[in-house]
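Structure first, then comments.
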Amino acid sequence: MSTEDKKTRAQLLKQLREQYRDTVDRTQALLKEHNAVRKEIFKAMGDEPRTVPEIAELSGVSSHEVLWHITALKKYDLVAEVGMDGEYYQYQKVKGGAS
Amino acid sequence: MALEKLQVDSLIVGGGIAGMQAALDLADQGYQVALVEKEASIGGKMIALSKVFPTLDCCSCITTPKMSAVAHHENIQLLTYCEVQALEENGGGYTALVEKKPRYVIEEDCTGCRECEYACPIDLPSDFDRGMGAYRAVRVPFSTAVPQVATLDIENCILCGKCEKVCPHGCIDFTQTARHFEIETTAIVLATGFEVTPKDAKKEYGAGQFDNVIDGLMMERLLAPTGPYGHVLRPGDGKEPDSIAYVQCAGSRDATLGIEYCSRVCCMYAIKQAMLLSGALPLADITIYYMDIRTFGKGYEQFYQTARAMGIEFVKGKVAQITEDENKNPVVRVEMLDEGSKIVERTHDLVVLSVGLLPGYNPGSLYGVPAADDGFVTVPSPNISPSETARPGIFVTGVAAGPMDIVDSIVLSGAAASEAAAYIEAHNSRVAVSESKGKKELAHV
Amino acid sequence: MSEIEQNQTPPSEGQEEPRIAVYTCYCGGNISEVVDCEKVAEAVSKLPNVVISRTDMSMCSDAGQALIEQDIKEHGVNRVIVGACAPSLHETTFRGAVTRAGLNPYLYHHVGIREQDSWVHHNDPEGASEKAIRLLSAGIAKSRMLEPLESIKLDAEKHALIIGGGVAGLRAALDIARRGIKASLIEKTPFIGGRMAQLETTFPVDEPAREALGGLIDRVVEHPNITIYTQAELVGLHGYVGDFHATIRQDQRGVSEDIADAAMAACEIEVPDEFNYGLTTRKVIYRAYDGCYPSTPAVDWANCPDGRLELTLDGKPVVLENRPETIDLTVGAIVVATGFDLYEPREGEYGYGILPEVITLPQFIRLLALNGDAPLEWNGRRVKNIAAIHCVGSREVDGIHEPHEDGSLNEYCSRICCSALLHTLNVVKDRYPDINVYDAYEDIRTYGRGHEDLYIKASHQAVRFLRFHNEERPTVNRENGDQPLLTLNDYLTWGEEIEVPVDLVVLAVGVKPRAIDDIISMLKISKGSDSFLAEVHPKLRPVETAVPGIVLAGTAQGPMNIQESSAAASAAAAKVSVLLGTGEVELEPFVAVVNHDLCDGTGACVEVCCYEDAIALETVTVNGAEVQRAVVTPANCVGCGVCVSACPNLAIDVQGWTLAQYEAMIDAIVGELPTLEAAR
Amino acid sequence: MTAGSTAKPKILILATLSGGYAGADSVGQLHVDYPSNVYVLPVVCPAMFPEDFYLRAFKRGIDAIIVMYSGTDCPYKGGAERTAEIINRVYPIMKEEGIDTRRLRLAAICTVCTRPYLKEVNNMHDLLEEIGLVSGELQAALNESPA
């Protein structure tokens, strides 16, 4: 990419950021919130297999929300399902996956 | 600048099962077809289902080959992420103005490798998984999507550029803008489908606030092999449910919602799900609260009797209210119609609302075909011409023409294709015979 | 998705060493929930010539197909096997995929491991996995011996035969004709229009049935591509898609237009009128109804002694005789629109046949039509109370209902009776508001668009609904009083026993398959478990039969209302247009081939072959000598293989299904299983 | 899974595409369980197989063969009669070779003959439990008539 192209592109991106400022701000806030929640979830999980109610109990995040984040993390290989405890599945951080 | 132009015999609006079938039935007869789908992939509602009644075939096994056939058919132009914005009459046919939304991904170069998706930091509740799972702001819509290309959801993007950095083919293109083009067509088939009763419609059922009260489409995702949890778990806390209840007519045959019609598919999908659940969770108790069981189609009554024989409990009762106990278990209050309307309360782990079908779109103003009182497209002589609308050359199929199941949608699409073909033939013979049509130029859009 | 790639046999130049790719499909869990697909894929990867062995969630998806195409292009794969659902469902799908990648479609082989494996061995996953390996091994063995084949292209007659002149047949004929294809419609009775003509009004739009039907009939009659044969039946059929030869027998109408009315007046033989379901009589020279098509009366030969009718016209004796004609038609496709029969209740079922007050819904509809606006009387009494009973002859359950004479039960829902009954009860309430109407049901199935309104309206019009349970259906008896008594436990009121004296009982009888075994055997199509005609698959090929070129329209396939019949008929017409539109059909290349090096002209094959001009001895020149050798005409060969076993020299095979391939498959089935990694 | 499991008796079904094969698919759609050592091969019409074909299969280790043809519903003219003729000629040869003739069955199975299909399969399975592998019989016959 030539310097000229890069410049044009940078300008376009800037324009796009301007145009979508509201949604970018909203999404950035969402990301921040997700990161905070996940930090709590990971803390609660430690390196042990944990069920959703256990994580919820330890983290103070609602079990509904914990399940959603676990589902998202599992989909992108950051958390794995490792077994079952009674009526609940257990999840564990994937080594090298979760930060 | 002149608009790009596409000339076809028939324009199909909607790429769900009904639209795909109509497109295939026309294209197989040798007509040029343009299929316009507003979403990033075709497949419609059907592709998100688990297994389908009454054969219990896996849904993908029916849908994905049709998706593939549509994509590969030499007579079909597939136009995803596109919407018709205006329609004009044009010499006995129609000209549609279509907008293609920017994907911010160069379709031709994208291989669907999903590197961008893995790199994207934004997790969003996935519409495909009815909010239970997550997807990223840039993504291939689902594993069997057609086309297999990524789409960037600019409304939920922080423009961090991570996707752009990882894409091995340099496909991410933030400079894309909407494109417009015209489709000249003789006939139009509307296959605009449906939405289901919104979660918050029934205040008596918790207005969508209870985590463990879900709708039938959510249960489809839980039962699907590609479902969000990989198991049937309740969304409130991931518990494997022991007791599951279905509330029939949750949004149909309900004067309080102004929806008096029967949605036609809910009895069968509830029974089918109940059967699949008793396979997935052999120890679970499954109850279906119903007013009338309407298993009217070919093989459906036998399916119902099999479900009864399997031990699924059918209770003739109207669910008046759903509340939550302190453990977030849903509690249903049932008017037992078979016991003189006695009121009983029962607690379940998970309640599934058998929500009804609502029209997905009112084509009235744009296409000039009126909707009837029930919101679906008016069909003036349903007995003799079940797919003909009030406007010449415009036909309707699938749930756009009223609630119907997949089998009936597929058959009606064959009928719509038949009617459209006859209309095209009559139109072509009207057009001056001497006027050589020549080969149709199909612009790449 | 997992993949195991090996390169046991390097690609060789020139000669075609088989390079086989095997795909084991999870089928969205349908297979993988029982069969260990990964293990199967690993096992078959060890077999000779297998260069690729993969699994996938859904091979028939676009991505799955793309994978096959990619492997063909990038890995030089020249044989493809997919282990998945039944071949009847997706074999053509995968043939399409390999064709797109430039491979001959007949180098594809499909192995069914769902219907015949995972779905029937739930309790034996180990055995199911072993079976999958053996079936795939057999497929691989066959695949090594596959050869590229070319489909047989034949001219197709742009002409369709439609059997049945009811609304479905008419609709199909019209749609086919409008596509520029000739349509010949045969109707058994003297008049077209079928059962729709017997209705007064229709639902969901309340319109005079004959007006809507008349509009359709007018369009059919006026269309230049359509020929109608009434009093006509199919009596013979041979041939195949594109070139069926149908023999039609047509009775004579019997009377000409000019003497028709006089002849009708002079005719003295009266028979029950089936148009009114026996409520009235008609003469044997008759019109079905005013305004019927054709309008000329016809002679009902079946009810004329010795097929002759003697009349006195203008004082002169006239003898009318039936001299049936035979018509031969060559057609490319056939639409079966033979309609349905009504369930006839057993004697004593709800008092039917014993109590004159008990009639069927179709009879009641005719009664209302004949009655017009006059006060409703039946059996000499003014009708004040009517009871209607749903599900008569439908939803029969083993153990509760007595089987029919042939041992069958009508387990299905007849689909049309609930809405038809409520529509009719609303007509009663509109016309005779003072009549009390009781409606006994188990489930009200007003499922269709606009049908629920019929139920709502009936409720508003004070039709009294009573709900029974299937295992305790209502009874109708006449005890002491002179009125029949409907008795049932009504579960809408705590299951208490209710007795209602009524003047008329209307049975909402179900529909049942037509007795058309002769047509079924001529067409070689099949019935489903409910005895209605079977489609290939309700979603993949909903109006096609397993016989190429023969499609289904309307209630021959199962219960449907008018709207649904029209839709099915139009869909069937679309399939006919696809088949015949180009004037050419493609046939599978699975026909007999003779190896002239082995043939010595015994003629054994010619002797056993039952098909005209399929195989014959011809004089050919071999090494300068004129000898007799068997020669196959592919278009006439059906590929049954009768000649294969008859040949003493093993000189004949059916291509695509050779004896050697079967032997190889058997060897693979009994062979040693490929050894897997030691750990297993 | 090891080679040892090959000792399970094997039932081969030659089923017509228009009859038995579709019937076996119908059984699948009902999800009814039956023994897994049953292998169905689709055939156009079993009239194509000469007598030797059956003998060869038994000698290779197929323990039972059920030919599921379409009977009187056979879509091919003469196919059903011809199949029956050939099968009838196989029986005496089986006897000669010392093979129990019950190992070969001809059954008319239609596309929806699910119960007859299951009956055939289960009966044959039970028979094999009783009479064992075909290899035993062939070995015994070999011992009786030393070459």
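As written, the chains take the letters A, B, C and D, and residue 1 is the first residue of each chain.
Here is the rule we go by: a contact is a pair of C-beta atoms (placed from the backbone, for glycine too) under 8 Å apart; a residue touches a chain by one contact, two chains touch by 3 or more.
This is a predicted model, so every value here is computed, not measured.
Q: Select, from C-D and A-B, the pair of chains that is joined by more C-beta pairs in contact.
A: Between the two chain pairs, C-D has more contacting C-beta pairs.
Q: Please identify the chain lying most centrally, where each chain is represented by the average of its Cα atoms.
A: Closest to the centre of all protein C-alpha atoms: chain C.
Q: Report the inter-centroid distance (CA atoms only) between subunit C and subunit D in whole Å.
A: 30
Q: Suppose each chain is reduced to the average of its Cα coordinates; what separation in Å results between subunit A and subunit C?
A: 53
Q: Averaging over Cα atoms per chain, report the distance between subunit A and subunit B in Å.
A: About 29 Å, centre to centre.
Q: Quick one: report the Å distance separating subunit A from subunit D, using the average Cα coordinate of each chain.
A: 59
Q: Specify, in ascending order, the residues of subunit C that touch 2 or more different other chains.
A: 528-529, in rising order.
Q: When you check subunit D against every other chain, which residues touch at least two of them?
A: In subunit D, the residues touching two or more other chains are 29, 31.
Q: Quick check on the complex: what are the subunit D residues that touch subunit C?
A: Residue list for subunit D touching subunit C: 1-3, 5-6, 10, 12, 18, 22, 24-29, 31-45, 47-50, 53, 56-57, 60-62, 73, 75-79, 82, 86, 110-112, 114.
Q: In their complex, what parts of subunit B are in touch with subunit C?
A: Within the complex, subunit B touches subunit C at residues 25, 28-30, 51-52, 54-55, 57-62, 64-65, 67-69, 71-72, 112, 143-144, 146, 148, 224-226, 253, 260-262, 264, 292-302, 305, 316, 337-340, 374, 376, 381-387, 401-403, 406-408, 410-419, 421-422, 425-426.
Q: Using the touch definition from the top, list the residues of subunit A that touch subunit B in their complex.
A: 9, 12-13, 16-17, 20, 23-24, 27-28, 30-31, 34, 51-53, 56, 63-64, 66-72, 74-76, 81, 87-89
Q: Report the residues of subunit C in contact with subunit B in the complex, numbered from low to high.
A: Interface residues on the subunit C side: 26-30, 57-58, 60-66, 85, 89-90, 93, 96, 100, 167, 171, 175, 178-180, 202, 204-205, 207, 212-213, 215-216, 394-395, 397, 411-413, 415, 443-453, 456, 467, 491-495, 528-530, 532, 537-540, 542-543, 557-559, 562-564, 566-575, 577-578, 581-582.
Q: Quick one: which bits of subunit C touch subunit D in the complex? Just the residue numbers, please.
A: Residues 39, 43, 86-88, 112, 114-117, 119-124, 126-131, 133-135, 138, 521, 524, 526-529, 534, 546-547, 590, 608-611, 638-642, 644-645, 654, 657, 659, 662-663, 665-667, 669-670, 672-673, 675-676, 680.
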